[in-house]
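These notes concern the structure reproduced below.
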Amino acid sequence: MSGNDFFALTPLILLAGSSVLIMLLIAIKLSHRVIQLSSLLLFIVAFSSLIYIQKLLPYHIEPLLVIDGFSVFIMGLIIFSSLVVNILSYIYFEEKEESPKEYYVLLFLCTLGACVLAVSKHFVSLFLGLEILTVGLYALIAYLRVRHHNIEAGIKYLVLAAFSSAFLLFGMALIYLETGSMQFSMIAHSLTSLQSLSPLFLTGLGMMLVGVGFKLAVVPFHMWTADVYEGAPAPVTAFIATASKGGVFAVLFRFFIMIDGFRFKVVMLILICIAIASMIIGNLLAVQQKNVKRILAYSSIAHLGYLLVAFIPGSMMSIKALSFYLMAYFITTLTAFGIVTVLSNKETDAENIESYKALFWERPVLACIFSSALLSLAGIPLTVGFVGKFYILAAGLQSGFWITALILVISSVIGLYYYLRIITTMFAGQKSILPEEERANPVFYMVSIIALSVLSLLIIWFGVYPSGVMGSMEYFKLK
Amino acid sequence: MNNLLWLIPVLPFAGFLILALAGKHLSRVWVALIGAGSVSLSAIIVPIIGIGFLSHPPATGNYSQTLWTWMQVGDFNPKITLFLDALSLVFVFVITFIGALIHIYSAGFMASDKDYSRFFACMNLFVFSMLLLVLADNLLLLYLGWEGVGLCSYLLIGFWYENPVNGYAARKAFIITRIGDTAMAIGLFVIFYQFGTLAIPDILTKAPVLWHQGASIATITALLLLAGGVGKSAQLPLQTWLPDAMAGPSPVSALIHAATMVTAGVYLISRMHIIFQLSPIAQMIVAVIGAATLFIAGFSALTQYDIKRVLAYSTISQIGYMFLALGVGAWAAAIFHFMIHAFFKALLFLAAGAVIEALHHEHNIFKMGGLKNKLPVIFWTFLIGSASLAALPLISAGFYSKDQILWYAWAAEGGNPLLWFIGLLGAFITAVYTTRMMILVFWGEAKTEIGHRPGKLMTVPLIVLAFFSLFAGFIELPHNFGHFRLFSDLLQQVLPETILKAGMNTELQFQILALLSTLGGIYLAYVFYYKQPQRIEKLKQSRFVMNLYLFWFSGWGFDKLYNTLIVKPIVFMANVNKNDVVDKLYQGVTFITIRLYQSLSFTQSGSLRWYIMGLVIGAIIILSMQIML
Amino acid sequence: MDIVFYITAFVTVISTIMVITRHNPVHALLYLIISLLSISVIFFLLGAPFAALLEIIIYAGAIMVLFIFVIMLLNLGKETARQEKEWLKPKVWIGPAILSAILFVELFYLITIADVAPYNLQTVDPKTVAISLFRPYLIGVELAAMLLMAGVVGAAHIGQHKKMILHRFLKEEGRL
Amino acid sequence: MKSSIEIVMLLAGLLFVLGIAGVIIRKNIIFMLLSVEVMLNASGLAFVAAGSRWAQPDGQVMFIFILAMAAAEVSIGLALILQIYHQHKSLDIDKLKEMKG
Amino acid sequence: MILIYVIGILMGGGLLSLLLGQWNKNLPRWIALCTVLVGFIAFVFFWINQYHTINLRLTNTWMIDYRHDWIPSFGISFHLAIDGLSLLLLVLTFFLGILAVLCSWNDVKERVGFYYFNLLWILAGISGVFMAVDLFLFYFFWEVMLIPMYFLIGIWGSENRVYAAYKFFIFTQASGLLMLLAIIGLYFIHGRNTGVYTFNYFELLGTAIPPHIAFWLMLGFMIAFVVKLPIVPFHTWLPDAHSEAPTAGSLILAGLLLKTGAYGILRFVLPLFPEAAHDLAPWAMLFGVIGIIYGAILSYSQTDLKRLIAYTSVSHMGFVILGIFAFNELALQGVVMQLVTHAISTGALFIMAGMLKERLHTRNINHMGGLWTQMPQMGAIGMLFAMASLGLPGLGNFIAEFLILLGAFKANVLLTIMATIGLVFSAIYSLRIVQKVFLGPSERSDYISDFSFREIVVMAALTLSIVWLGLYPQPVINTVKLMVNKLAHIFPPENKNVQQENYQEIPLSTHKYLVKK
């Protein structure tokens, strides 16, 4: 470990250190507010450190990690979403939990895990990053442990995650057995020296796909999604939907790029099937769903399918399209869950679609923000979701993947229906059924709303003028 | 003078505009003044122009005045151009003159109607459209007038809109004529692609050059135009609307459904005569249609009890004569009959209107009677009109015009003994039903009390028309009887001379036969309806006669036929498909989507073991794919 | 050597089958420990003595003890065994078992068609492992530390009890 | 063991599948966790075997990390089990079906 | 720059009325009115200006061309340009925009600010569609107009509004996405051919596309446009949307939204894929004819007035597709006329349906009847527009339909004859409206007011325009002349269809009449 290594690892070290620091702060019994603020500060510091390390790029820390433009971009997204989740968490947990402080420790750890995924280029770091993320999430999902749903979601996630981790591990073991290395580049190297494709390697890859697919919640490994989204506290759901998936997707992409997995017809075929199934089933499942969190869960399944559409060609445009869409998806999902968080009250989360009735007339700002997020998810122009979808279609069509593009289009029409349903509900009726209650912390409430407004402005700004972001994305190249 | 040409149609139009926009705020006197005045002004301008036209015939044989280019798309550039030649002069004269009289009559007739201004507005609009029709320089403008008169006919048939029956009749009229119009529109397309223009003079000069005699394209074109004419002129097979059209006020029936609009078909065919001449088949069809119509309508008229329906069927029948004349190539005779018919039929309708008005809106002739002395003016004018209709020899104008047609039906180039015989039979029937009507209405005992007696406004036009019904025939006399050819000479500028078959020297026998048939008809009716009415009762015992009677009464069952063959299937189809069968397709898609949702939602059972099973199945699928591929 | 392997493998498989079929949790746990022990023998045979030791010490020793703690804490005994007996009916397990069998057949097929070149077994001694662990995988170790920290913090939070609200009108004391 | 590593991998695979079977067929959460442990253990076995096939320490290193992960996971899992037992008075996983659809 | 300003004004006006609508309910109306008026006046002046020089332009049909980079990495630019067709439709947009604002003046009482926000944004979207010459930008605007329309139907519509709004949105969005696929496909094909990756319409125009791909790409475009238009199997959203939308919504739907479909075909499908369009022509024409007759028959059976009018739109739009795929100047001019006149006539009918609904609280024509007695003015105007809708000469629709049929006759005799039969059906349904609504016995004794001053202004504007278009359509024809000529020249004139057996006997010399140029 040279000095430069430390320097390059600053963000990770900061995240890890923050978790310890927060523990210490808890130990000296500081108030929730102080802890929340200091963790916010630490997130900001970690985020800014990303800008700081850019002159080093790309930087390899053998054999586990690589820090390049792409990983910095993904880390940025992850830390950004954690930051937003952090802001949203205060009012949510302040109302519901008497000791919400460990939450921040776990949040840092999960963020760390996701970031490790984003920078890893080795099975070990992949596995460890994934597990830090997952183990942290077990606790986060079940954080409000007195609620039945939280516990139920927690145990479901735990058993399934461990189960799928086992698949991932077994797959890795098979690949290791075949190639003699766990480093992506070495695997790629030994693959080129092989005459024919070995079944062991493919089996390993397939089993890894099970593990990764579970984390990404793509069909047929999607069934946990809705339950966990529904059961988990709203900010945590936001985190699962964004940071955890972003990290996993990043490492999957890096792995495929490095071993050039796109040449394996069978694997690609599997991925195409998964993508198609995810898009169709994800959207279909939400059609008449009544629970907003579940709707968003199913929609996230579909969105991962969309991401796979851009993933499959494995071209230069794929990287850009993926990066852009991930960003769009992050912003949008955070906004959507942010609204759910803000509207939640002490007893229940605002998950019943009925509770959004007449929201537009009662709280127009929130309704507008939510609408912009939903429209972005639906991919309607003027929002970033549209540009993202356009990008994905472009990436797919550039390499001639007409079928997936077509399925994307058709399934997103189904998707339209349920997004519109929520919007329609917000516009329907005259009177909201959500009780107008005294906010315990009006200041933080305002802060949350401002944060969400900024996000929704981003949604529209990037939707109207995406070239700025696209331009900067050129910079975040893989290696 | 031809600079004034535009005033002829524009005056009624101005009247229409004033009445339509401000009619609500004008007093009745003003409404009548504007309505009748504008048409009368036109009627005054026409003779001025007409005299100019006759005294100093223009070198081209016509006046034309271009107002503006309607549109110009590529080579298609119809202009709003008015075009006056001998043929249109006759029509314009009849329209404005009779139109003015009827307007004046209406001022009295409609005096108590609440929609006074609307009536005059529509009538003015009608006169405008009709004038445009006959003055049009190109077929598109003609079509404008053509449809315009249809609209006015619709508006006026349904004038008393509170009664849905009237509305139904109006719709029927519009739609049936529209069927003809549609065919005519197709005819216009053909003409445009053949000649590259729709201007009538150009077409008429180009047609003989581009088409040879008997060309099938000429036949098609002619038939398409004929279809338009058949619709408007209520000829077979589109005649069914006219009897129902009597739902409108009597002046309307007089002006539109007797004197002018229904003869638009005659105008069109004679206007486009060159095309018809190029196709002997088409011309023969015209003649056959005319003959068949006059025959069928005659028998229907015989059985009607509504006075206006009798007149309506007689109108159909008389227009049948005109078509017959056109078909056999007796162009001038057709136009002559048109003019005479306009006079006496307008007269008859107006007089009938006066009768109906006098008898508290009683239409049934069997409930009339004995009006001879009570309404002397009406009686005498009606008598003159009837005489003309029945073609009472020598003294009525109708005799001269109809006799000419009968003679040509045999003698002209396209003539045929069968056509002649049908014509003769028609003349006989005409005499029968006319006499029947006269007797039932004016003789016998009074069955209904008289209410309202017609005023001066109504009687003066009747007298004028009666005058013309008697004496207008003398401007054209058979060549064995004075041989006075004022009218056909005039028309010869436009229409070809009637060519006789070889070996036709005398028409005396024909005249005598016609005379006999008319007199025989009158006598027959006299016997059955005046002298020995019990014979009718006796006849009615026979089942066959009754059935025949009903068959004729229903206009030979055409309405029923069309209803079952066309109207009912379409309405049935429309009603069955009210909710749009195509939408079911999309509902099906929705249904499938929702079923898919339900079955997929079922998989989200909440059971962790089931979820794991899903994961395992996924793994199995992936591994199987790897094994198999 | 081979024969030792086969015997141990046999023991492993049998004891594992016992683990998933026993009704009494404590019995199952004991079978699992047997399974773990026999796997550690296999590790040894594979030339990985360090792993073998860790398997016994940490897995069989520490982790299993956790389970036992919990089982004892919850006082799962005969009652549970009876319930398990009820739950474990062919109707319940036959489908999953078939699925698993299919998966195994596929794995079997895929592993056996692989053509792995023969090699000489070498023992990888603890020292090598340790060097590897603290040289290239140093960051991994650090990360593992964070992983354990996450586990500890999480378990501590979830494990603690507080007044629990089943319903806002119907409060109930929850106690260990 | 001289000839081939396949047989060890087969054993690992068999254990892995048995673990899967255990997870699916048991309704008791503790048994599910136990079965998951079996699966993780099988993966560890596969890693060690693979490491020994290449005579590298990496397999064992990975095994150590798996151990760490298993420990962390089990600790949280057991804490959750405690909560579940206290809330539902049962460890039947099929009773945890409040969320569905 | 006028183009950007206009869109900007509309969007800005929308936002302003949304914001100010919170304080004052009257303000948004006036803001909206002023906004649209400004746009209208601007374009009318521009039109008059251009009209003098219109015939001087020989090849360049484009009057304004504004371009600004937007997403350069994709070759997307904010590229607006207008030619005669766009200009005409823009004028129409603002004309109907004014009417839409006026006719919702008292109609909308709740959430006024948001209402006018939606209205103005729809107009902005539609204007954008008519201006955009960057395919991406076109798609962008294409979709932008949907959301506010969705709200307009979904919030201010009648009972079944939500269903209708969904249906509208999903139909148009689904088809729009297919178009997006086709656009991207075209983009890549062009990029691969030339190395220039751009969405610029002008550059994409000459793209050489392999025929089978061209067909699919064209189909992608076509579906989007045909659903909007709509053509028969894709029309079912329209009756629902029209009948449930508020008056202004129906007006804009019928008057403008449908036109975007036709505009799209004229602007994109024909120039971009001439061969494929040519191959499709008989089928498209067939569907047009089916639409004409099917729409008319369905229209006849409806009892809901707005639904009835909606189906007449289906029928009228059948003429549009028939004319477009006849590929000759006459038909194309007819199509343009039809776009304008249908907007006016059907718009007027919808406005009247809205007024009736406001007065009678029903749309069921069986509950109307005899209204002429109480409101003769509306009766007269209603009659006029019913006549316009059945294509009475002297009113604009006749010119349109006649030109279309005349042009189509050249391309396909049989189908044209069938389409002409549709005129009979149009008479049937139009007269049914008049009969059921205004004629017949009056069933009501309560007082029903005739037109108010505001309504008279609206109807007078519509009446004058339809009569003007019927008697002197030349300004419209001249405005689009160059564009239409250019379009017609893409397709070589064909004479084989006209020369059917019947025409065999024509002497050779007639060919100069038969075949134009």
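Just so it is clear, A, B, C, D and E label the chains in written order, and each chain counts residues from 1 on its own.
Everything that follows uses one rule, which is that a residue touches a chain if its C-beta (ideal position, glycine included) is under 8 Å from a C-beta of that chain, and two chains touch if they have at least 3 such contacts.
The model shown is predicted, which means the values in this text are computed figures rather than measured ones.
Common neighbours of chain D and chain E, by the contact definition above: A, B.
Here the chain-to-chain distance from chain C to chain E, counted in touching steps, is 2. Under the contact definition, chain A and chain C share the contacting chains B, D.
Relative to the centroid of every protein C-alpha atom shown, the closest chain centre, again from C-alpha atoms, is found for E.
Chain centres were defined as the mean of their Cα atoms; on that basis the chain farthest from chain A turns out to be B. Comparing the chain pairs A-E and C-D, the larger number of C-beta pairs in contact belongs to C-D. A centroid comparison over C-alpha atoms places C as the chain most distant from chain E.
Taking each chain's centre as the average of its CA atoms, chain A and chain D sit 26 Å apart.
The distance from the centre of chain B to the centre of chain C, with each centre set as the mean of the Cα atoms, comes to 100 Å. Annotation: 95 Å between the Cα-based centres of chain B and chain D. Chain B and chain E, compared by their mean Cα positions, are separated by 37 Å.
Those residues of chain E in touch with two or more other chains do not exist in this structure.
Those residues of chain D in touch with two or more other chains are numbered 5, 9, 13, 16, 19-20, 23-24, 27, 32-33, 44, 49, 51, 53-54, 56, 58-59, 61, 65, 69, 72-73, 76, 80-81, 83, 87, 93, 96, 98-101.
Multi-chain contact residues, meaning those touching two or more other chains, occur in chain B at positions 601, 604, 606, 608-609, 612-613, 616-617, 619, 623, 626.
A list of each chain pair in contact follows: A-B, A-C, A-D, A-E, B-C, B-D, B-E, C-D.
Put simply, chain E touches chain B in their complex at residues 167, 232-233, 235-236, 239, 297-298, 300-302, 329-330, 333, 370, 372-373, 376, 380, 383, 387, 392-394, 398-399, 402-403, 405-406, 409-410, 416-417, 420-421, 423-424, 427-428, 431-432, 435, 438-442, 471-474, 477, 498, 502-503, 505-507, 509-510, 512-514, 516.
Interface of chain A with chain C (complex): residues 1, 9, 16, 19, 23, 61-65, 98-99, 102, 105-106, 109-110, 112-113, 116, 124-125, 128-129, 131-132, 135-136, 138-140, 142-143, 145-146, 154, 174, 177-178, 198-200, 202-203, 347.
Residues of chain C touching chain B in their complex: 95-96, 99-100, 102-103, 106-107, 109-110.
Per the touch definition, chain A reaches chain B in the complex via residues 155-156, 159-160, 163-164, 167, 199, 202-203, 206-207, 209-210, 213-214, 219-221, 223-224, 226-227, 265-266, 269-270, 273, 281, 284-285, 287-289, 414. Residue ranges on chain C touching chain A, taken from their complex, read 107, 110-111, 113-116, 136-140, 142-144, 146-147, 149-151, 153-158, 162-165, 168, 174.
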